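One structure, as structure tokens, below. Some questions next.
Letters A, B, C and D name the chains as they come in the text, with residue numbers starting at 1 for each one.
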Amino acid sequence: MFDFRFAINSFPKILSVAPTTIVLSIIATLIGLILAILIVIIRERKIKVLDSIAAIYVSFIRGTPIIVQLYVVYYGLPQLLVALRGMGINTNSNGLPVILIAILAYSFNASANISESIRSAYHSVDYQQYEAAVSVGMKPTRAMTRIVVPQLITNLIPNFSNLFLDLIKDTAIVYNIGIVEIMAKANIMSSLGFKYIETYLDALIIYVFICWFFAKLFQIFEIIARKRISHTQEFV
Amino acid sequence: MLLDIKNIKKTLKNNHVLKGIDLSIEKGEVVAIIGPSGSGKTTLLRNINFLETADSGMMKFRDQQIDMAKPSKEKILWTRRHMAMVFQNYNLFKNKTALENISEGLIFGQNMEKKTAESLAEAALNQVGLIDKKDFYPSQLSGGQQQRIGIARATVLNPDIVLFDEPTSALDPELVGTVLRDMKQLAEKGQTMIVVTHQMSFARNVADRVIFFADGEIIEQGNAEEVFDHPQNDRTRKFLSAIAEDY
Amino acid sequence: MKSKKRIIVYGVIAIAVIILILTGALHNSSKANSNSSVTTISVAGPDNNRPYTYPDNGKIGGYYGALLGRIDQDLKQYKFKQTTTAQNSVFVGLQSGKYDLAVSNWWYSKDRFNTYLHSTSNGLDDLRLITKKGGKTANSLKDIATKKLTLAPISTDDARYAFIQDYNKKNPKYKINLKGIGDQSAGDALKQVSNGQYDVAIYPYAAYKPVSSTSEGTKLRVSKSIGLENSYFLLNKSDKNEKLLKALNKELKKLKDNGYLGKITKKYLYENTFEFPGANSTFNTDPTK
Amino acid sequence: MKLSRIITTLLSGLPVTLTLLVFSFIFAAAIGLGIAWLSLRNSAVCYNISRLYLGLVRGTPPLLMLLLAYYGLPKLFLLVGININDWSKLLFGIVGLSVGWSGYLSEAFRSAYLSVDQGQYEAALVVGMNPSDAFWRIIMPQTVLIALPNIENLVIGLVKATSLVYVIGLVDMYSSATDLSNQNQGVYQLEIFVVLALIYWMIVLAIEWVFRSIKKEYQYVTV
């Protein structure tokens, strides 16, 4: 029943698209990170109107499944572009590459989650650290970048690592809009003979390994970061 | 003899924290243990209450003989139910109100009815003048109030001995007085107490016996006058002169 | 170095556990049937394949719902327990033996027939090419290749995906650029043709027909039939199912002969493909030739 | 299509979604506690077992976890001669989600437990409580309180993960939505998915409100 040869033959083919999964996750996380920093600045500085909009945006994204978000962007974006065209703005709704849609959807998703993590990491930095930095004559921005941000980043890493791993696993549904990543390749390999268990096992092994690898990587980052600020921490 | 400890030894990371201590306490006695920090005073208390296990040593408490290196679960529980302890950091249960903090030990340590326990706890709170705080959580109370509730929590159990582990060290100076007053009252009622403290005034004025403790050993002991005014040992003298301004 | 060794050990244990679980999952314990004379057959169909199969109050609706109902009635010795789920899931279940029988318009592929037991034909699908009105036209698969038309992505779980793969294998000179996608409705795919994102889509007539009346659908043009495809029941390989298969094949022949297949084809699939020229010679041809 | 039809159709899947949510959370919490307990015991074997479990469970996409639960578990049970093929799909959905979430919950419990002040336990012992009373009455409530923000995030994640049970053919809100969309050849997709998103959002807002209330209730318990 279990076709080992098929499982073994499929493995390299499924592995060959793993970069798609990883690159999509990394790009979405990076864009998400930039958006998240903007959101955090807006929310921590309590910029009028924008603050409320950002809060609602984050709440909405955190409150809806990624697959629903994916579909809303997938179906909504072309319609939005058509509507914009109707208003005289020159847009081309056709031929919008699906990879763009996927990156957009996952970036939005990541931005909301990351912004919440950054905020909690920011609040966990002792405010006296900032005061101490300013009191020795640092400019506020410099106090932020030299004293607060390095500590914030250290606090952020474990959460960030979790979010990134979740994102990797969440990309397993992106084949629903036609991107060939690990799950899609597993499905494609299976379609000819309708044998799914073998390819899903391959996919599972690949996912577990990728997640394990990145978890370790982030752990190493954390250790390095902790070492660098350990002297400050010990005296707190 | 209420408590008689023989030759208790404890090593932590190749460091001899307790180097074979003998200690006997009479019923009603108030013993103050003073000495430099890191000398093993706290460790001694924690070993008596089995929060840590000694490497060797025998303890006779009331009529029970206990091997301090291999205490049975039953003996540990029995010992704890006849002793009480007050901590440096109060250690009030953060998820319980002032009243519950006191009643908890009665209900779950001494299997008392909840009603009875609560009325006893209220009486204890009344005695320390904090009855109006009975539904407050520790985070809503000052350090002094927390420690006085900590003492009430210990004494309401009607223990044979109360162990005090630097009960005033974490307090702001202006709050130390109220706690010391409670302790003094307790001593006057004839409660047996072992008090590890840095408050020389308390040791001098309240304790029946003062023990100077350094490097895991009892260097010198006697009544307050003997230890404070006529110390026999060099180290005692050095210690006392170093903290001279305090007494 | 020690940690590296530990990692390898963990890895080996992890993989061993996964394999254990999966071989456990595949351990096909087709136990002897109970003494009762009625054998329960668990049947699964995709939940997203109108008008062939769809969920209908916990049972299978559509063409195959009707067909199953009739077979269940006729074969007294069997009782069908029906369920619908995602299509890839149907086959995970069929492969693992959780389901005995998978129903939908499954077409021939060599691997499929090797992996599973298959019945004789249970229906005829009429394949069409759908293009945009006023846009590029295609009347055969070869057209798509020679005119370099873009083909709308096909659900990888779909029979059409393997159908094009098969075509490409047989016609290396006129290869079609095939893109895969997850679960997708015909409405979706055809919308992409009507708005010009892709030039052409391939669908059975029955999937195109309901879309044709929607606002997007009116912008579409449909080709003449480009071929008839037989569809088959697929069954998990077991002794119990070998027996079922014989009964099924006998029953299918009866339903073809008495016109029931034609009747439900007309009812659910909008046209009676059995009346097409060449239908009789196509039905139940040996697909391996 | 009328908005009311969309809403009523989607809401028909709500009971399944909520059942999945509640029971999966309860079981995930129970398994998570067990794993956390294993990892905190002074035993290398227990620790390694818990690490292995976490590595596997946390590396597995929930979608695959559900497939494994639905198709793999009955086979495992058959090996020991128990036939669970007739269990309802809902049960398998709950099992899949519970196992998937147990890893996260166990980490939340573990880290919260480690951050409870050791003095709290000692204080409970010295007033004469036996260790299990001390654990359940003092340590556990504080652990839960510390873990609360993490638990809230995980519950919200679980709400969203319930949408994946379509893969084993359970008709929850998400499946109702896709089926409604398919019935109409995908013409009203955008409307349906926007409504679906809003309903999920409402559920999450309600959950956030519940957790806010709990936090307010225990605002003075600063652990």
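A few notes on this one:
The criterion applied here is as follows: a contact is a pair of C-beta atoms (placed from the backbone, for glycine too) under 8 Å apart; a residue touches a chain by one contact, two chains touch by 3 or more.
Which chain is which protein? Per UniProt: A = ABC transporter permease; B = Arginine ABC transporter ATP-binding protein; C = Amino acid ABC transporter substrate-binding protein; D = Amino acid ABC transporter permease.
Nothing here was measured: the structure is a model prediction, and the numbers come from that model.
Chain D has the Cα centre that lies closest to the mean of all protein Cα atoms in view. With respect to subunit A (ABC transporter permease), maximal separation of chain centres occurs for B (centres as means of Cα atoms).
Separating the CA-averaged centres of subunit A (ABC transporter permease) and subunit B is a span of 54 Å.
Each chain gets one centre point, the mean of its Cα atoms, and the points for subunit B and subunit C are 79 Å apart. Subunit C and subunit D, compared by their mean Cα positions, are separated by 35 Å.
Subunit B and subunit D have centres, each the mean of its CA atoms, that are 45 Å apart.
Touching of two or more other chains is recorded for residues 14, 18, 22, 25-26, 88, 92, 96-97, 183 of subunit C. Within subunit A (ABC transporter permease), the positions touching two or more other chains are listed as 173, 197, 200, 204, 208.
Looking at subunit B, one finds that none of its residues touch two or more other chains. If you check each pair of chains against the touch rule, the ones that pass are A-C, A-D, B-D, C-D.
Put simply, subunit B touches subunit D in their complex at residues 49, 51, 77, 80-81, 83-85, 87, 89, 91-96, 104-105, 108-110, 136-137, 139-140, 153-154, 157, 163.
Put simply, subunit A (ABC transporter permease) touches subunit D in their complex at residues 59-60, 62-69, 71-72, 75-76, 79, 120, 165-166, 169-170, 172-173, 183, 197, 200, 203-204, 207-212.
Those residues of subunit D lying in contact with subunit A (ABC transporter permease) across their complex are 55-56, 58-64, 67, 71, 149, 156-157, 159-161, 163-164, 174, 189-190, 193-194, 196-197, 200-205, 208. Chain contact summary for the complex, subunit D toward subunit B: residues 117, 119-120, 122-130, 133, 137-138, 141-142, 145, 218, 220-223.
By the touch criterion stated above, subunit A (ABC transporter permease) contacts subunit C in their complex at residues 1-3, 78, 93-96, 173, 175-178, 180, 184, 187-188, 190-197, 200-201, 204-205, 208.
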